[in-house]
Structure formats: C-alpha cells, structure tokens
Amino acid sequence: MSDEMTLDLLEAKIQELRELDKQDLLNLSSEIERLEKRLEEMRTELYANMSDWERVKLARHPQRPYALDYIDEMFTDFYELHGDRLCGDDRALLTGLARFDGRPIVVIAQQKGRSPQENKERYFGMARPQGYRKARRAMAFAERFAFPVISLIDTPGAYPGLESEERNIGGAIAENLLTMIGLRVPTIAVVIGEGGSGGALAIGVADRVLLLENATYSVISPEGAAAILWKDKKLTTEAAATLNLTAPHLLDLKVIDEVIPEPLGGAHKDRKQTASALKASLLRHLEEISGMPIEGLLDSRYQRYRSVGRYHTLNG
Amino acid sequence: MPIFKDKHYFRVNLEREPDENLWMTCKACGELVFKQRVRESDNICPHCGEYFFLTAKERIESLIDERSFVDISQPIVAEDPLSFVDSKPYPQRIEEAQEATGLAGAIIIGSAVISSIPVVLGVMDFRFIGGSMGSVMGEQICHGMEEAIGRRSPFVLVSSSGGARIQEGIFSLLQMAKTAAVRGRLAAERLPFISVMTYPTSGGVQASIASLGDVIIAERGAMIGFAGRRVIQNTIAEELPKDYQTDLFALEHGLIDRVVKREDLRAELGNVLGFFVEGR
Amino acid sequence: MPIFKDKHYFRVNLEREPDENLWMTCKACGELVFKQRVRESDNICPHCGEYFFLTAKERIESLIDERSFVDISQPIVAEDPLSFVDSKPYPQRIEEAQEATGLAGAIIIGSAVISSIPVVLGVMDFRFIGGSMGSVMGEQICHGMEEAIGRRSPFVLVSSSGGARIQEGIFSLLQMAKTAAVRGRLAAERLPFISVMTYPTSGGVQASIASLGDVIIAERGAMIGFAGRRVIQNTIAEELPKDYQTDLFALEHGLIDRVVKREDLRAELGNVLGFFVEGR
Amino acid sequence: MSDEMTLDLLEAKIQELRELDKQDLLNLSSEIERLEKRLEEMRTELYANMSDWERVKLARHPQRPYALDYIDEMFTDFYELHGDRLCGDDRALLTGLARFDGRPIVVIAQQKGRSPQENKERYFGMARPQGYRKARRAMAFAERFAFPVISLIDTPGAYPGLESEERNIGGAIAENLLTMIGLRVPTIAVVIGEGGSGGALAIGVADRVLLLENATYSVISPEGAAAILWKDKKLTTEAAATLNLTAPHLLDLKVIDEVIPEPLGGAHKDRKQTASALKASLLRHLEEISGMPIEGLLDSRYQRYRSVGRYHTLNG
C-alpha cells in the first residue's frame, strides 16, 4: 500500500505535468485526468486502510492546521489575553476573547509552532503550569461575563521539565479539572490534532467533546506506551492500534460526542473546508447547550464525568 | 488461589494468616529481624530505621485505631474495554495482580476510625499494577468520597501510584476528571479531604485527586511529581537535580503542606482531623 | 491663577485656551513641530515617533469619541490629616499642584463614549504630586466604579502614578483596600473593568486597583511594578536587568494582557469593550 | 534623657550588684532598692517621652516577641500549612491551623528571624509573592471550613527584589486585598511589630484591626520617607514624627480599633504578659464578630474600608 508521502509526491508530479501541458500545448489532458483518478482511488484506499499509527502521524502532520488557523477561520475579532498574573505567559497555550457567529466567547487553545524558532517559543505545543493557570484565569473570566468557553486541544502533553515540576504542573492540571467541572458557562472542547494525556484533559473537561477525524486522544503516546509496556520503542504501530486513540474508536467507546470529518488526506488538504465543518458542528452544539438552564447543564456535565469508566459489578 | 477468576469479589479484612517464617532479613542493614516486631512498628526496621514497603492492608493497619476498619468498597472489578494486549492480555495481568495481592483492585476503600475520629479511608496498593488508576480505582475513590458525604465524615486518601492504568486507555485518563468532579462535591459539602502522598505519587494520580487535598501530607521518602525522570530525560534531555521529585523538593516548591515520618503519620492524621471535628 | 485657594472645585472640561506658541521643539529629535499636529496625533512626535508626556486631559482626549466627555467626579479636595510638613507643608504642595495642573486632584473621573460605547473613565495625572493615591484619588476611583454600576457601563482606569501619597500616611495606604473593596462590587455586578497602565504604574497603585483589571493593557513604554529600582538596590543591593519593570517585562511575566502603542489605544479599547456590549 | 540601651545596661548592673550582694553578704539591699526605684522612674519617663522614632526602634527591637512567640503563648495545637501550591513556600509568612480558646482558627503570620541564618531563610520577615499566595490559600481554606482568620502582622514590607517583580508581587498583594474584603468568615488583624506598607496590608484587611502599644503601621518606613521627601536619610526622627505611625496616632486617626498595652520597656520585657493582654483582646473581639450574621459582618467590613479617607466636599 502506498503511504501518504508517496501520494503527495504523485500529486505534485501531476501538477507539474499540468503546468507543462499548459505551457507547451502537449495535450496530455486525458492522461492527466486518468492519473488524477488513480490518485484519488489510491488515496481513498490509503485512508480507508490507514493504521492507527498512520493516523497518529497525520494528527501530527507538520502541515496540519493549528489552533490559530481554526481561530482565524471560525471566529472573528480574536483578542488574545496574555499571562497567568503569577509568573509568566505561556506561548503553547493561548487564551482570548473572540466572536463566534457574532457572540462573544472565550477561547482556550494549544498552539504548536511551524518553524523551529516558533516551536522553541511554543515548546512544541506543550504547555507549562503558567499555561494551565492562564487557562484557569480565562475560565474565571468566562464565568464572570457568562461567555461560553471553546477549547482547542492540540498537544503532545504537558511540558515535562524541571521548571514544570517546580511550579507544580500536576497541581495546575488538577485544579483545572476541578474548575472546568464546575464552570457555570457552556463549554465545548475539540481535539484538533493531538490530545496528549493530562496536558490535553486539563483544558478538555466540557459539556461537549469533539474530535476532528484524524485527531487522536490518548492517555499516553504510542511511543511512550511502546517503551513502557512493550519495552521496545519500535513497536509504536502495535501500541497505537491497542490504545484505541483514534476518532472511530473513541466514538465507539462513547467518550466523545462527535467526529468532524476531514477532507481526504487530512485537514491540511483543505483547511477552509475542515474549519467550516468544525464551525457548523460547534454552532450546533453551542446552540444546544446554551439553551439549557445552567444548573441542568452542570448536572449533565457532572453526570458525564461521574459515570465515565468501564467495570463490572459482582456479588459483594 | 485464583480468587477472582470466578468473578467473585472478596472484602478486605485485616486479619492475617499465620506466617510460617517468624523472621526476615532487612535488605538495608542485613540484620535478621522478628517479623511481628516489624509489623508492630509500621514496617520500619527496628534495627536501622529503613522503611519497608507497605501493602495497602499494612498501611491501613498502621494508620487506624485497632479493629476499626470495615471494607466498604464497591464490589466491582476491571473490564478490558480496549481488549488490550501488551506482553500479556490485560485480563491476565489483572488476574495475576489479584492473585498476588489478594485484592480486587489497586485501592481499598473502607470506613475506619483514626484517633477516635470516624473517617472514610482510601488506600492504594502499589503492587497492583503499580497502583495505577483505571476505571475501578476511579470509581472506588468517587464512591469513597460519596460515602464520606453520606456519613458527614472526612475523607483520607493514601496514594501510592505510578499514574494512569495505560491498559484502559482513555478511560484511565478520564478518571482524573471523574475523581476531580466528585472532589468538588466533597468541597461543596465542606468536608475535609486529607491527601497522603507516599512513595510514589506521580502521573495522573498526582495530577488529579492526590493534589486536590485540603491538606496534603507526604510521608518521608515519598516521590512526588508529574513526569518521571526518564520521561523528561527522553523528551528534553534536561539535567535534573538530585532532589528531583523528592518529598523535600515538593515541600520547598509549595506542592504539599507537610512531610511526616511514617511512625508519626497516625498521630499527624489525628491532629489535623481533630480541627474539623466539633468540640475537639 | 489660584483657582483652588478659595476652596472652590472646578469641573474639568476639555476645551483649551488658545495657545500663543504654535510650534514646539521635540526633545527627542530636536525638530520644530506644529503643536496642533502633535495634539491631533496623540502627542506623538510626527517626526520621530517619540511619545510626549500626556496630561490627564490630553489622555482623555486621545481616547474618547469627540466631545463625549463629562466630568462626573466628586467635588472633593484633600485634607491634611497628619499636618504633614516635609520640605513644605502638604496643603501648600496641594495648592501648587492644583495651580500647576488646573486640577483638584491627581485623577479625573468622567463619563465618556469610546468607540460609541458609554463608559465611566478615570484618568490619573502624573504631574499632580506624581499621580500619587491619597484619600481623594481613592474616593474618586470608588465613586467612578459606583457610577459605572449605576449606569451599567464598563469602567476604564488609566493609571499614571508613583504609588501612595506619603503625605497622607496610613490613609493613603488604606486607599489600596478601599479601591479593591469597590472593585469587588463591580465584579459582583459583572461589569468589566479595563485597567490601562501607562508610564509609570507602580507602588500602591500597581499593588491594588491597577492590577485588578479584568483586562490589563499597558501602553508601550509603560513602567510597571511594585518596588522601584532604587528601593531594591538600597534594600538588597541586587543586580537588576535592563528590562526591569518595562512593559515587555510585565508581559513576559504574565502581569498584563497586552502592550499597545499609544496611537492604537483608542481602537484597542473599542475592541475589547465591544465584547461586553450586547449585540455588537 | 536616657535611652533604652543605657537603661538596659543599668538594669544588668543592678542585677550584678544583687548577685554580688548575695554571694559576699555586702548588705547593699537598700542601695540596690534605691537604684531600682530610680531605674523604674527613668523608664517611665523614657517611655512617656519616647519619640515616635524611638518607638519605631522598639517595634523593631531584636528581642521583641515575633509571631511564633505569640502563637505559642496564645494558641494551642498550631499546625503549620506550607506552600502556595504554585511554586514555593515562603518562610517569612506562615499559615496554619490552631486552636484559640478551644476553637479552630486559621492563622496567617509574618515571621522574622532571630539569628542571621534564620533571617536569611525568612528574608527578615519580608514576604514574597509565594507568601501572599500561601496566605490567600489559607483564606480560602478558612472560608471553606468557616474558621475565623487571625493575622499577625510584622514586616518591614513585601520583599523588594527581581524575583518578587517577576512573580507579580503587586498583583499578589492586590488579589489579597480583594479576597480579604469578601472573606466570609470573621477576621482580625493585629500589628505586633512593624506594619510595613502594602506588605502588611496584604494580610491586614479585617473586621478588627488591633495594634500592640509599641507596634507601628505606616505607608512607608521613616527611612524611606526621609530619603524620598526630605532627600536626607538622616532625618528619620522627623519623618517618623510626621508619619503618625504609632499606636496613639493611629487610634486618634480612627484607623485601628484598639491598642493593646505592653509592659514598660516593651513587649520583650514580659512576653507572657503581652501575649496574655493580646489574647484577652482577641477573644473579646472574636466573640463580638462571631456573634454577627456573616452578611452583616461583610457589610460592616465593606463600609469600614469604603469610607476610609480624609477629604472635604466643596460646591461642585
């Protein structure tokens, strides 16, 4: 089976052929059309048969749209609010106000960098305690002004480092969980890329939890699981398959509410289309939950998390 | 003794089988010590002061007023929602852990009395798949807090866990939110939650319920933190200080309230719980 | 023009006396610039971009929709509860400040419209004894917030202050608590408070009302912090970095939300206020 | 007029005489008695005529009882709670539970060090942001469990340093003011030594504010005022006199509720007596405010701070 990179190369070649054809009037149009059809078929096959590990790679694809791309496409007037008021301003986790369909919302979003420089600044999307505490400030802000909260999740996980531990990263995540479960406004979380462990969950407790088709959400990375459980870092494909971290699995397991379809080849193949599908879904969900009295909403949210888990009951 | 294979759930009680070996050798000092003596002194070597590892039962015994413990856990056992297989299938791993420990899961929930104060107590057992938190532990902790609410009594949780139960995937992750949710109810009821962190309290447990105590007490020698030394060194190749994630590191950086010697922990709990009990 | 000597209180209005000198020299670039031009461009040198110091009136003018300002301050002036004399008696210092500035105190409170949104606005004037906060400023800020509550409108405070009004001693200190108290009411009413920090926002003002904004915006070039460079160097002889207490230092360390150029501040306020106004 | 140190020396000499007399039977008792009477007179005179600057020095006296001494004398079962859960545990500001007349309370206290080593650890009683945030955590704790808060103030001021600014010392103080004004439990603050500026006020907003007789409470230190206003650091005596920072002035100005008497010579001359007088006062005040419905208490507290200040109203 062809992999994505090969197909991308083929796509580029077809494009070159088209250019050549146009310039030099070679009249290759029917051959080009046939090639395109073949490409489409191969892609459909590829994505139908894509392994979970392939999907993880797609979720991490360097061309994949990041939070600011979606913010740009779906919202207007994004007004970033910086700083945790305690010690820092984490660039891996953004907070701000925006308008969504004209309505003010609070946005919390994990943001990866495109360039090495940007990634250095954004810690590859791995937030530190100051990021999670900035998010908590944004939540309190949302509550004060009754703005719904939309969070966009895209992180390999919380930043694991000495400074993080010194600033109580575990405590910061824990406090966010507690805050979000009781937040007196409608909340939606969307995993747009990687939903990495506690670092994702710390902005992911919400009334609705959505996933993009090629996003993943997992307690641990396949690499981490391979290293810890299989004692072999190379067994990531097996680990990925077993972790059930892709959208179809998560939907089956009933831990997410909806999967937003992506174009063939992934969100980066058509950013606008992806954003537009996500926006439609967000609007629908937001309308639903905004219509509920807040006590009822809090109760549903509580029940959702209170009841999560799989175990069976025996005779005591 | 495949006690859980037939899907039976046994209550924990603290009565012990008579032990054939009356003596043991301390790994730290090499001395031959009388087991009964070790047991009576909270599993601390009477010779050199080394802390021996505590099972959940031993931990409970070391904290509570004698014969005050009643297992009130839910009669639940783990499922295998992901049909998870690594070096062995997850159900087999569970069964082996059950057989090795005589426990249904990695935590025991009970009612008990500590310094004459009735409490609901949860104690993790690190031997049970690293004390990891899956659906069963999450549910048991929540059940414990709800029991505390029902009884209007404090909740005490003794953690000893490597973090999430990877084999339960996303369900394991979500136990962090689940336990935090019920912890919120406990707070709304103004009932105290004392979190005791022992060696180790890390990963998803440290990043959720264990860090949400009204008072957080670490046992001396506890390891406390989110990301292990190896994870950090693999991810970002950062130099880590010697005291990384030690009890004193946690104290110095404000993560916890106190560090307490094992032999003082029982009295410490009595002290702090006393503040929340009318007329003491 | 001893306008306050006879205990009279004048409302501020933004109409200006015609100025005899039509031109001024920029201290930064040395160019001769047309005053009217400078005024129209928010007191920024049209030649080199230098920010000239803004009086409170000029600041108001630079932020609000034209002719929308109405002084709604309380008709109050300072007392001298400590009979304070340093190089001169405090009452004399007040009078001189009043004469120099044409203001009754170091802050102006008004209603105004910013980008078509009605607000209550407080603006400090650094020329008035370093914009220091004494009983009058504390009361005016509280009055402003109460007016905002009464009008159901946002409150915008532009700080420019060295901190407490030492000459009023403990009363000056307690204005920190007083303004925080009323700020709590504003929050309970869910009305937004936008704090704008300009050069300088320090000491007791930074450690109270100015740091309590729902949104905190710093003007580019602002100095923001609690203890001045000299205090630190006198007390603990610590080396301080070049960017100490600059706007960017404050942004980097999470003290503030945004740093904004002077020429963008009006639009910025319109932007952020818009979020809190129904149907915009 | 004699200063305190001279009188202390005289006191020591008298003690030596007494020893000598006892050992060698010199029969100096009547001379000794006369000396003692004279000492007493001089002390009374000294303290009657003590300048405000002298009193500042007494408030900072190295033998003066510090917070832990009062905690020890007045409360039982002090159980210290450490850490701000954010990044550190400030040793200049202690928080904890204790029993006061049998009743659980939350204690917040600034603590100076006696030895150079202890002062290094305690930053001479100057708290950093982590201290003020630990205090805020203690306040939330008190509120959750309906424990009254007693704070003991003794600080030259918040610690002025780069690290403090980096961690938003101003914001930390401001947040505490906001928290204390709305804290839904009875609160009492006592200045036991130095009440230095914002660093003192940040744990000093309360239903009752008390001062020990030789304590001071000021917006700035006399040294600071002399340097800034008189441009001469040596004019501290003048600055101290003008700042009205001693107990009698503050009582006159009606910004404090009560002055607790100290023994002649200062609190350190009889720690137990001082603590016992303070305890009696605290008990009385606590009983008063604990008897009030919380809404009424909050309203009084609000009015107290809402109305503070001196200005006059003119024709607008």
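Which chain is which? They are A, B, C and D, in the order written, and residues in each are numbered from 1.
The rule is simple: a residue touches a chain if its C-beta (ideal position, glycine included) is under 8 Å from a C-beta of that chain, and two chains touch if they have at least 3 such contacts.
These numbers were taken from a predicted model, which means no experiment stands behind them.
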Task: Shared interface partners, meaning chains that touch subunit A and subunit B - done: D
Task: Chain located farthest away, centre of subunit B as origin (C-alpha) - done: C
Open item on the list: Between subunit B and subunit D, what distance separates the C-alpha centroids? Give it in angstrom.
Closed with: 43
Open item on the list: Measuring centre to centre with CA averages, how many angstrom lie between subunit C and subunit D?
Closed with: 33
TODO: Round to the nearest whole Å and give the separation of the Cα centres of subunit A and subunit D.
DONE: 53
Task: Residues of subunit D touching at least two other chains - done: 85-87, 166-168, 171, 175
TODO: Identify all positions of subunit B at which a residue touches two or more other chains, and write them in rising order.
DONE: 211, 253-255
Open item on the list: Strictly by the criterion at the top, what is the full list of touching chain pairs?
Closed with: A-B, A-C, A-D, B-D, C-D
Task: Touching residues (chain side subunit B, partner subunit D) in the complex - done: 187, 190, 192, 211, 214-215, 251-258, 271-272, 274-276
Open item on the list: Give the list of subunit A residues in touch with subunit D in this complex.
Closed with: 85-87, 129, 133, 166-168, 171, 175
Task: Residue ranges of subunit D touching subunit C (in the complex, touch as defined) - done: 158-162, 164-171, 173-175, 177-178, 180-182, 197-198, 201-202, 205, 217-220, 224-225, 227-231, 239, 242-245, 250, 253, 255, 302, 305-306, 308-316
Task: For the subunit A and subunit C complex, residues of the former touching the latter - done: 77, 79-89, 97, 99, 104, 130, 134, 141, 144-147
Task: subunit C residues touching subunit D - in the complex, by the definition given at the top - done: 7-9, 11, 74-79, 81-82, 84-87, 134-136, 138-139, 142, 164, 166-178, 180-184, 202-204, 206-212, 225-227, 231-232, 234-236, 238-241, 244-245, 249, 253-255
